[in-house]
Structure formats: structure tokens, C-alpha cells
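In the part that follows, the structures are each spelled out as C-alpha cells.
Each of the next two complexes has chain A plus one other chain: chain B in the first, chain C in the second.
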Partner chain A sequence: MNAHAASMERPVLKDKTRLGDVGPKIAHAALILGLIALGGSIAWGVTLEGGKPLWKSYLINFAFFTSLTLGGLFFVIIQHVTHAGWSVVVRRVAEAVACNAWLMALLGAGFVLGGGMGSLYEWWHLHPGHGNHLYDIKAPYLNHTFFYIRFVAYFAIWIVLSQYFFRTSVKQDESGDPNLTLAMERRSPLAVILFALSLTFFAVDMLMSLEYAWFSTMFGVYYFAGTAGAFFAVAILTLSFLQGRGLLTESVTKEHYHDLGKLVFAFVVFWCYIAYSQYMLIWYANIPEETFWYQNRLGDGWKGLSLFLLLGHFFGPFLFLMSRWQKRRHGTLLAAAIWMLFMHWIDMFWLVKPGADMPALQSSVFDLTLFIGMGGLWVWALFRRLQDVSLVPERDPRLGESLRFENY
Partner chain B sequence: MNTTAASYLDNTGKDPTQRAPLVLGANDLHDVTDKVCGIIENPKPSTGWYVGMAVSLLLLAVLGYSVFYLFFVGVGVWGVNNPVGWGFAIVNFVFWVGIGHAGTLISAILYLFRQTWRTGINRSAEAMTIFAVICAGLFPGIHVGRVWVVYWMFPLPNQMEMWPQFRSPLLWDVFAVSTYFTVSLLFWYTGLVPDIASVRDRAKHRIRQIGYGILAIGWRGSNRHWHRYERAYLILAALSTPLVLSVHSVVSFDFAVAQLPGWHTTIFPPYFVAGAIFSGFAMVVTLLVPARKWLGLEELITLRHLENMNKIILVTGSMVGYAYAMEFFIAWYGGVHEETFAFISRATGPFWWAYWIMVSCNVIFPQLFWFKKLRTSLPAMMVVCLLVNVGMWFERFVITVTSLSSDFLPSSWGYYYPTLIDFTTLIGSFGLFFTLFLLFCRFLPIVAMAEVKMTMPQAHPSKH
Partner chain C sequence: MTLSEAGTLTPPGDAPASADAPAYLHGVVAQFETVDDILAAAAKCRDHGFTDWDCHTPFPVHGLDKAMGVRNTVLPWLVFCGGLTGFLTGIGLQYFTNVMEYPFVISGKPMASWPIYVPVVFELTVLFSALTTFFGMWGMNGLPQLHHPLFFSERFKRASDDKFFVSVMADDPKFDAAQTTTFLESIGATHVDRLEE
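Right after this comes the complex of A and B.
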């Protein structure tokens, strides 16, 4: 292979790879904004209509930011599984994003312990043996104790995995020991399995069981498809932001953006493939146990939103991102990344909001304020994490490959 | 680069500071051409080839006889009955379409992912794709009953205004499989052109010169030709990528759009695709392990290539395992009595043996590939991959037959007994497949020479 000889030499990074004083400024502003928005929303919303509008919005944003975090974890794991070279300069950002799992755990605990479960999930109030045959069947899975156990398990898995990959990678910045890469590669296949199972059942518990009667074997894959796609958009945005502050200007190039753009495109298509398969099969078989879930999303105003999701999450970005030119131009790629994040948020909204209690489309002010609240904390945690470390894995054995990487 | 004599032929090392070489030994660009072209320039093929061909032709004759007998007597010679109206023919169809997934995945998706190791195996895998799709296409064609009007499968305008049922996934299959076949064939042929030109240029015999000359469509290796070739290759890769997903997704719709318990489940499309890639790679490994030995290609199709394929088998096998688990979980969680019954009945009912063959071959045995020692051992990978082939055939059997044999009404249940002709048709289809593959090994370059050379250090002189 052509890469051998050159990769033996230790590459020299020519650009700024430390956040320096950029970090605290962003982190503080985000923290203050986040705390005000989150605290204000909860204080105001918790008594409003029994807290229901608040908790729905909370769940939308919780599912959204958790999925960005998980997207980061997925990216890190998959790079190690495949022994990827091109992505080394991008990986530190993903490692830090994944580490936000602890923040999502706290926010999730707030939801579960603060009354979100009781407010949104019908099954939370049901007891077996009271004549609800369907719930009687599901009770061994959908009960409080088992739910708590699973919830703790998901976040424990994500926190342990994200901390492991982040810390090992940072350790390598100092020692440059290639054995650390080997260690991470060795553990990554197991991480993939844990990730796949935890993400699937997280989606089942937090989103699918909102309608406890409804079921779809595809649901976990659907949440995953949006998750992975959204992370690439986050990576594009974060790297652009850092480069705008004069960081990583040499190591991250148009080539890396181009690849991230390709991955956004790929997951635009994959998401649509999954969404279409799920919808078409349920529509075609036309069994009432399944169709009611989509029926809820075709009511007053919801139909428009469903169509918007189809156009905005698939057709628009599919056509927009198809050409090489759009992916290699900074402005167009950035616009696409922002749009895809917006559409992913709409997707979460579309999953959480509709239901028998909401026949017509309604948005609430908490949708926005909690986005700002959780988003602020999320950005704060991300920049805190990146503050004291290099923004690229400086001594990764494949750094040279990543720096030299070119799309031809 | 630094392959020492001790590690000769083993390039499966993991050293992250350097990428392992894909062509081993002291081969330069010319040696690659010599090695690959040598196989087809040899005036007499090996005895092994003749033996293989004899067996394959015998099996092909068995297929020919089975099909003739079927046409002569009718579909009643098969074991299909009421309620199991879909028997071996559909199982074989789905099985062969599945086998036909590895080639295009290797050529298209791994190309887009810049996996240069694909170059050693893509040509033969693509050939297998095409031959497998031919085998697959046979089965719906002979299952229609009135074979003399088989062209009615296509929506051809006619004075009777008779049209196929556009709402049926079986018609979508006609489009999906024929599109896949066409694009795979074009893709394969496009990649072959520069290599066929090499064969043409080396040919000594007039007939060879003319034959390969026509197939090489005027390739002269000019810059302009290479430029167009690379563009065409990229575009075909981009077109093939969604096709890898769509074909088996549409095949899965044959089952999943129905309301039959065990068939109607939303995860079917990606699950079928993963299963198809799983079985396709198993077939590629099964054929390449002996082929590389007999044809002396161990330095081009290296242990690393095989190990990587085994890793893909492990990944896709795990995806299939995930799908089995989700199906079971949702069959219970959904709380629909018939659905729960269908799944319990698969594991413990009259076809329990088929179910456990499927689970052990598809989920349990591939786990052996977690161990590097086993996934780099030729005998071990042969055994596991053969078992995967068996397991994936049984998966389709389990899906098709168990659900049909016991649906909602116990009074309409029935068992399914395949007949001798069912078995001879299945075994015969392997004859068709192997005959085509052996002809390919004899007459076309089985390794993509031009592409392999691009991955060799000699192709990048400036870097050294």
C-alpha cells in the first residue's frame, strides 16, 4: 500500500489544536442560557395542565439530544471496528460528544423521577390483573421496576463506553502508544453489540411505549437511522465552528467535510429506506393494531407535518446533497447540516407529540425553551470536555493517513 | 512493505502504524498479469477443472430433467399443497437471490467505502452474483404453472388488455430482480473491459484475438479511456448501491405485506438484506478458498481478504441474529395471539428441526469467527461458511413453510412434504451455478488485474 512509508514518520500538526480561551466563553454563555431556559421552563410548566405539555416537549428534546450523543458514540466505535484512517482528525469531537452521555443521564433522571413517566405513558398507571388483557401480556416488560433497571443499564453502558474511548484516546495523546489503538479496536466489536441493543430498547421504552399497544420490529432501526445521520451534521457544525475560531485550520480539510457530507447523504437515504419500509408494510397489511399509530399522524395538521417530514428529511436533502460540489463547498454543506438537524428534531417531535390526546397539530412554547435549555447544557458539557485536551488525537498511529487523505 | 519471510502469505497482522499489503510475495505489476492471464492461457485446464465440470454438468442435467418433467406433468410433481402453496421453488428463489448479493456489495458499496482489499475478490464475487441471479430467476419462471405464457409476468401491452397485478410484490420482484441483473451485468462487464484487453493483447491464437477483441470493445488503455472508465465505474457503483438494498427488500415484501403471522413484520427489508449479504459472502468464501489454491492465486487472494470477508459474515450474521431476536420480542410484546403462536410454533412445532438448523447455522456457528485463529483458518472457515449456506437456505424454508402450514385457522393446517423432484431441482440448480462459474474461471480473468495493480506500491512510485 502506498500509505506505508509515509505513515511511519510522526506527522507534525501545523495548526492550533487547543481550545484556549475560546472554550470558557462559549461554555459559560451556553451554561447560563441553558440553566435559565431549562429552569424557567420547568418552574413554569410543571403545574401547567398537570405538566403534560412540559413533559412532552421535554421528551422531544431529551430524545433529540440523546440521539446526537449516541450518534457520536456510534461514530467512534465504528471507526475503531473498521480500523479507519481518514477520520482520525474528526474523531476527538465525536469522542467528546459521546461523553455527554452523563449529562443525558441526569436529564433523563429528571424526566423519570420528576413525573414525566406518569404524565405521558399510559402503561405507567396500569396494573396487571385488572382486566386489561393487552397490558397483562406486556406487564413483565412494561413495569416500573424493570423499566428503572433498563434505564440505568442504558446510561451505564453509554457512560462507560464513551469514557473508555475518550480517556484511552486522550492517553494516547501523551504516550503515542499504538497498543492503545489496538486495545480500542479489540473492544469495539463488543461495544457495537452493546450499543445496538441499548439503543434499540431505549427507543422502545422512551418512544415506542408512549403508545403501549403499538409495536414495530423496525422501531429501533428507525431511531438509529436518524441518530447516526444527525451526528454527521453535528460534526460538520462543530468543526466549522472551531475552524471559524482559527482552530484545526490545517488538519481538517475540505476532504473530511466532503466525507462527512457523503455520510449525511447516505443516512438521508437510509432513514428514508427504513421509514418507508415501516410505513409501507403497515399501510399495505392494514391491520388496525398497527395502523392507528400512523392514523394519529395523519390527523388535522399532522398530515402536513408528515408530508413535510418526507420532503424535508428525504427528498430535499437527497437532491441537494447529491452533487459533489455541494458537499465540498463550506456554505452549502453547513446549510445542509443545519437543515438535517432541524429535520431530525422534527422527526423526534413527530414521534413524541401525536396521540389520542392530541388530534390536531399543536406546538408549545416549551418545545423551543427546552431545546435552548438542553442545548445550552449540551454545548456547555461538550466544550468543558474539549477544554483541556487536544482537538485531534495528536499521536494516533493513523493520523498521517487522515492528514493526507484526499477524495479523488 | 515489511512482510518478512516468516509471515509470508499471512498478512492479517493488526499493526496500526501501517496498512498490510494486499498482494504478497515478490510480485510486480507484470507478475499479476502473468498469474491471472496464465490461468486462461493454459492450453489445457487442470484435471480438477474437468472433474468439477463433469460433476456440474451432471447436476445441470439433473436440473434439466427435473424441469422437463415438471413441464411435462405439471406443478403437482412438487410437494406444494394447500395450505403450503409456496414450497421449494420460492425458498430456492430467495436463497439464490440472497447469494447474489455479495458481489455487488463488494464491487459497489466497498468501492464507495474505499476498501481497497475488495479488488482481489470483486471480479469472482460479481460473477457469482450474476450466476446466482440466473439460478434465482429460473424458479419463479417454472413455478407459474402455464410456462408458455411466462412472458405475462412483464406488463406487455396486448389486445386482451391483460395486465399483471401491479399491487403485488411479486410483480415488483420482476422489476427489482431484472434491474439488479442488468446493472450487475453492466458493472461486471465494465470492470472486465481493461482486463479483457490485456488478454486480447497477449493472445497468440487468431480466434482468441478476435473473440477477446470483440469483448474488449476497442480498449487501448489511453488516458481518455481510463478517464471514462473511472467515471462510468463510479456512476455504476452509485447506481448499484441502492440496488443491493432494494432487491432483497422487495423480495422481503413478498412476505411482509401479507397479514400472515410470521410474515408480517416491519424489520423484514433490512433483515433480508443483511441475510442476503451474509449468505452471499459465505458462498464467496466457500468457492474462493478452493479456487485460490487450485489456480495458484494465494498471493492475490490472501488470507487478509478471507479474514475480512469472515468479519463481514460475523457482522451480518449478528444483524440477522438481532432481527431474529426482535421478531421474537415483538411477537410476544405485540400481544397478538396468532403472532406469538407462529413464533413459538417455529421453535417447538412440527418444523422445529428446520428452525434449530437455521438458528445454529446462522447465529451460533458464525460466532466462532470472533476468534482470529478460526477466522484465519482455511478448514474452519470452510466449515462455518458451508454451514451458513445451509442455515440461510433453511431460514427461507422456515419463513415460507412454517407460516403457511399453520395460519389462523387450525382446521386449515397442513404439513409439507417435499418430493424427490423438489430435491433434484434444488440440487440441479447448483449444477447450473457451478457450470457457469467454472466456465468463467476458464475463459475470463478471475481477478480484476487492473484494479489489483492500483493497490500495489509499484502503482505509486512517487511515494517510495
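Right after this comes the complex of A and C.
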């Protein structure tokens, strides 16, 4: 009775929910750092060995930051599909993360138009009808025109969806109209379908088709499993950062972190489940046209990295995050979040780098500089987006539920 | 009316034998009217230092475990050990059968191939964890229990309807029928029933 009456009242936010002058400082520093690192890497790397090391590193980091962005979009959509209440105070950050889709579209266009495709993808140079049966049967899908169409479609979907959810949510901050929540909830199931299809084919196009002869029906889900897990880590880090600056100190509590920790844990397990399912079937069937992809990842040094991925992306965090107290203690959760982001990056590295041209494990300076470059721009775009809006959906009808949320 | 074997009539309501025996006191149960009352009472009972006591509510009351000072259960550790046992059993069972007891080459794979162990290891880890959780929870709660002294109180039936109860059992070192009753009344109980056989 009491709880019901309380939910009818408009909840009062007791903490600072505006970035204020914290935002521009971070945004400017990140932008300058990002532009220098990105510009410098491209200027130096585009002529180096035909640009191949540059574009490989570019693709690793592009896949990494796109996945963080998509993770944000996934989170927002799922909260609306499930009519979730607990997550309202976390949702604005996710909405802003998703809105970085426009930045990833630009970075992606740079890759496609700048020569990344020709440099990394063998199929980019192939034409059907030259006796290459494996390519011939895939040519209706893997050709320049259709690729451009798909590439534009992915980013169009992500930009439209992220803008829609962000803008509608911000509009509600002013009007407080609960119908906006209902509208977003009505549209979210369609968004789920569009999201799942676009993410799957994006992973197929950008990562799987690096080896056009290889195929795995698990591949899209594999990319998604890493994506979602990485976003929860980003959410934990972003919220911790904001709280460290005296923002959202009251609305976001240990309970929300605990739930985000549970989601990280869940996707640690899900990732392993998918990775194993993909590996086991190929290992068991033992057909050369499938096994060579793993063979490339078991060569000199690569075997160690593959093992590191298994231990560091699954066993370690699985045992570390299993206990309730590890997820509720801020220090340990933060450490786990940083670790999982690092492992997700290693996962992208593991997907992109190996190949017939790289029999031994090899890293390049561009792996790091482009991480800083794209990361800088990504952080800049995120803080720019959050600058003029409240950091929580202030008048969401479920805000009270989220503020009172507790795990039992 | 029942006719005894001796042919004499026993009047109804006259319970045999037990009437003369002294009633055995199992503890007391106190009734509270609201959620706020039971939360306050639980905190006071906790501070009073009772050890063999419990709260009974018609629905889950959030924060009650904190008010009661309930310590964390060791069940997760048991479950972890159960899971680990399942994990090792899965590996051991397959290694023993595939490598030691009946070595047989299947589709050219090595005898000890970890990828094929995973499904069984996974299932046994889950199974052993689940069984440990289930039986551990029953065991640690002293279940199954077909009867409990609380049911001697008629009023206690409303614990499944609209009233809140605190029970203190006679085994508690701090228990004293008169004093405990006074204490419970002083912290807001509206009725205190003796749990007598």
C-alpha cells in the first residue's frame, strides 16, 4: 500500500544530473588526443606495406568501438521490450553510447572508401566465372554493389534507432508524457529484429568475410555475445567516472552496479557457450574448408593467445565474478569491467589479425595508436551528446521504481 | 461419545491422560499488526540477543533479513564444492572410460580430446550444483518437517493471511516465559500466545 502510494508521486532527484563544466574538459582533451592519434596513424600508415598493417589495426578498433556502440543500442532496446524499471537511471548513458553510431559510420566510411576493403579482403578482388567455385557461389552476396548497399543499411538502421530512442527519451524529460514510453515500447520489438539482423550481417561482412572461403552460422552471435558483455563494462566504467565527479551520486546505487555486474557475468558465460559451440562443431566435423580458420589461430604464438582468450575471457572472470560480494564491491567490479573490455579488444584482435599472411603472432603500433585515436573520438562524441541533457531520464514513469530498486 | 472396550461411557471433551500431565512449553509467538511494526520488533529482538527465534509474514517483507541480523548462508560455498565435484567427475568419468578402461579411436581424434568432454562436464557441473542447492537448502532448514509447535497457536494461522509474527523458542538461552512475553508486549505485540502441547 505504502509502496504503491509512493510510486504515484513524482520522484525527486537529489543529486547533480548535469555534466556542467566536467563535460567540455573531457570532450576537448579526448577530441584533441583522438584526432592526433588517428590522423598521425593514417598519415604514417597508409603507405606502409601497402597500408595493410594500418587497415588491420583500423578494423580491429573499428569492430571494437562499433561493438561498444551497438551494445548501448541493444541495452536500450531490451529495456523497452521488457518494460524494465530497474535500469531507468542507467538508460540515458546507454542511449548516448548508442548515438555514437554516426561516428562509427564516418569511421567505417573512411575504412571502406580509404582502401581498407581492397587491402584486407581477398574477395574484393575476385570476379565470378574464373573457376573458383567457392567464390562463385558466394558472389551474389560478396560483391561490391551489394556490399555498399548493406553497409549503408546497417548504419542507417543504427543511426535511426539510436536517434529515435535518445530523442524521444530527452523529449520526455520536458513533457513527462508517459505515452512516449508506451510508444518506445511498442516500437522496440521491431527494433530488436532490425538490430539482430543488422548486427549479424555486419559481423559477417566486416569480420567473417576476411576469409571469404570460411563460414560459420554462429559468427554473428559470437560478435553479439562479446558486444553486449563489453557494453555492460562500459556502463559500469562510465557511471563510476560520473560518480567520481560528483554526478548521479544518489540515483545510481550499489544495486544498479550489482545488476550490471550480473549482466557482465551472464555474457561471460554466454560468450564462452557460443565460442565453444562454434569451435566444437568445426573440430568434430574436421573438414579442411572450415578447420583452416582455427588452424590460423593455432600457429606460432597464436595458440597462446587463443588459450589466453579462453582463460581470460571465460574462466578467470567466471570465477572472479561468481560471488555476489565481488559484484557488489565497487573496486572488484570496476577491475572486472576494465578486464572484460581489454579481453573484448583481444577478442577483436584474435578475429581480425591471424590469416595466411600472418603465421606468427604479431602486433603493430597501430593497434594502440588507433585505439587511442578512435577511443578519443568515441569519448568526445559521448560527452558531447550528454552535455546538454540530464544524465537520467528525469520524468520516466518508472524512475521511482529504479531509484528504489534493491536486490534481494 | 465413544464406547470403550470395558463398556463404560467416556464423556466428550475429556481428553485422556494428558489432562493431568504438565503442559510442555515450546516457546511463545507474538502477533504484530503492520510491516513497520514487525521490522521494528525484529530489530529489537536482534538487539536483545535472541538466537532461537524467527519472523513469520504473509508475504516477503523487504529489509526483514537485515532487521533480524540474519547472517549469510554458507550454501553458496556448498554449491561451489558441489559444482566442482561435478566438474571433476565429468572429466574423470570420460578420461577413465575413453583412455584407460576402453580406448577406442573415434573419427581419428586423440584418445583424450577435451573439446568433446565439455558437454558432459558442463551437464554434470550443473546437475551436481543443482542437487547440492536443492538438498542443501532442505537440510539446512531442517526440512521436511511434518509438524511445528507454532501450529499449537490458533492465531498463528493468520501468518498466511494478514498478520505478522515473531516466535521465540524455549531452547533460546535468553528465553523465560514470563519475561519474554513482557518483552514482546513492550515492543508492540498485540497478542502473545504460549506454544503449549
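Everything that follows uses one rule, which is that the second predicted complex is superposed on the first by the 404 of 408 C-alpha atoms of A that agree within 3 Å, B and C clash if a C-alpha of one lies under 4 Å from a C-alpha of the other, contacts with A are read in each partner's own complex, and residues count from 1 in each chain.
The criterion applied here is as follows: a contact is a pair of C-beta atoms (placed from the backbone, for glycine too) under 8 Å apart; a residue touches a chain by one contact, two chains touch by 3 or more.
Since we're looking at a predicted model, the values are computed, not measured.
Novice: In the overlay, answer first, second, both or neither for which of chain B and chain C A:P397 touches.
Specialist: In the superposition, A:P397 contacts chain B only.
Novice: Using the touch definition from the top, say if A:I193 reaches chain B (first), chain C (second), both or neither.
Specialist: first
Novice: Once the structures are superposed on A, label A:E406 by its partner contacts, choosing first (chain B), second (chain C), both or neither.
Specialist: Touch partner of A:E406: chain C, not chain B.
Novice: For A:I137 in the superposed arrangement: first (chain B), second (chain C), both or neither?
Specialist: In the superposition, A:I137 contacts chain B only.
Novice: On chain A, which partner touches more residues: chain B or chain C?
Specialist: If we count touched residues of chain A for both partners, the winner is B.
Novice: Given the touch rule stated above, what does A:Q278 touch, chain B (first), chain C (second), both, or neither?
Specialist: Once the two structures are laid over each other on A, A:Q278 reaches chain B alone.
Novice: A:S323 in the overlay: touching chain B, chain C, both, or neither? Say first, second, both or neither.
Specialist: The second partner, chain C, only.
Novice: On chain A, which stretch or stretches are contacted by chain B in one complex as well as by chain C in the other?
Specialist: 2, 280, 284
Novice: Help me check something: in the complex, which residues belonging to chain A touch chain B?
Specialist: By the definition above, chain A touches chain B via 1-8, 83, 85-86, 133-134, 137-138, 141, 178, 181-182, 185, 189, 193, 196-197, 200, 213, 215-221, 262, 269, 273-274, 277-278, 280-282, 284-285, 287, 289, 397-398, 401.
Novice: Mind pulling up the chain C residues that touch chain A in the complex?
Specialist: Spelled out, the residues of chain C in touch with chain A are 35, 60, 62, 76, 80, 107-108, 115-116, 118.
Novice: Any idea which chain A residues touch chain C in the complex?
Specialist: 2, 276, 279-280, 283-284, 286, 322-324, 406, 408
Novice: Under the stated contact criterion, what part of chain B meets chain A in this complex?
Specialist: 1-2, 14-22, 112, 114, 116, 242, 245, 249, 253, 256-259, 264-270, 318, 322-323, 326-327, 329-330, 332-336, 370, 455, 457, 459-460, 463-464
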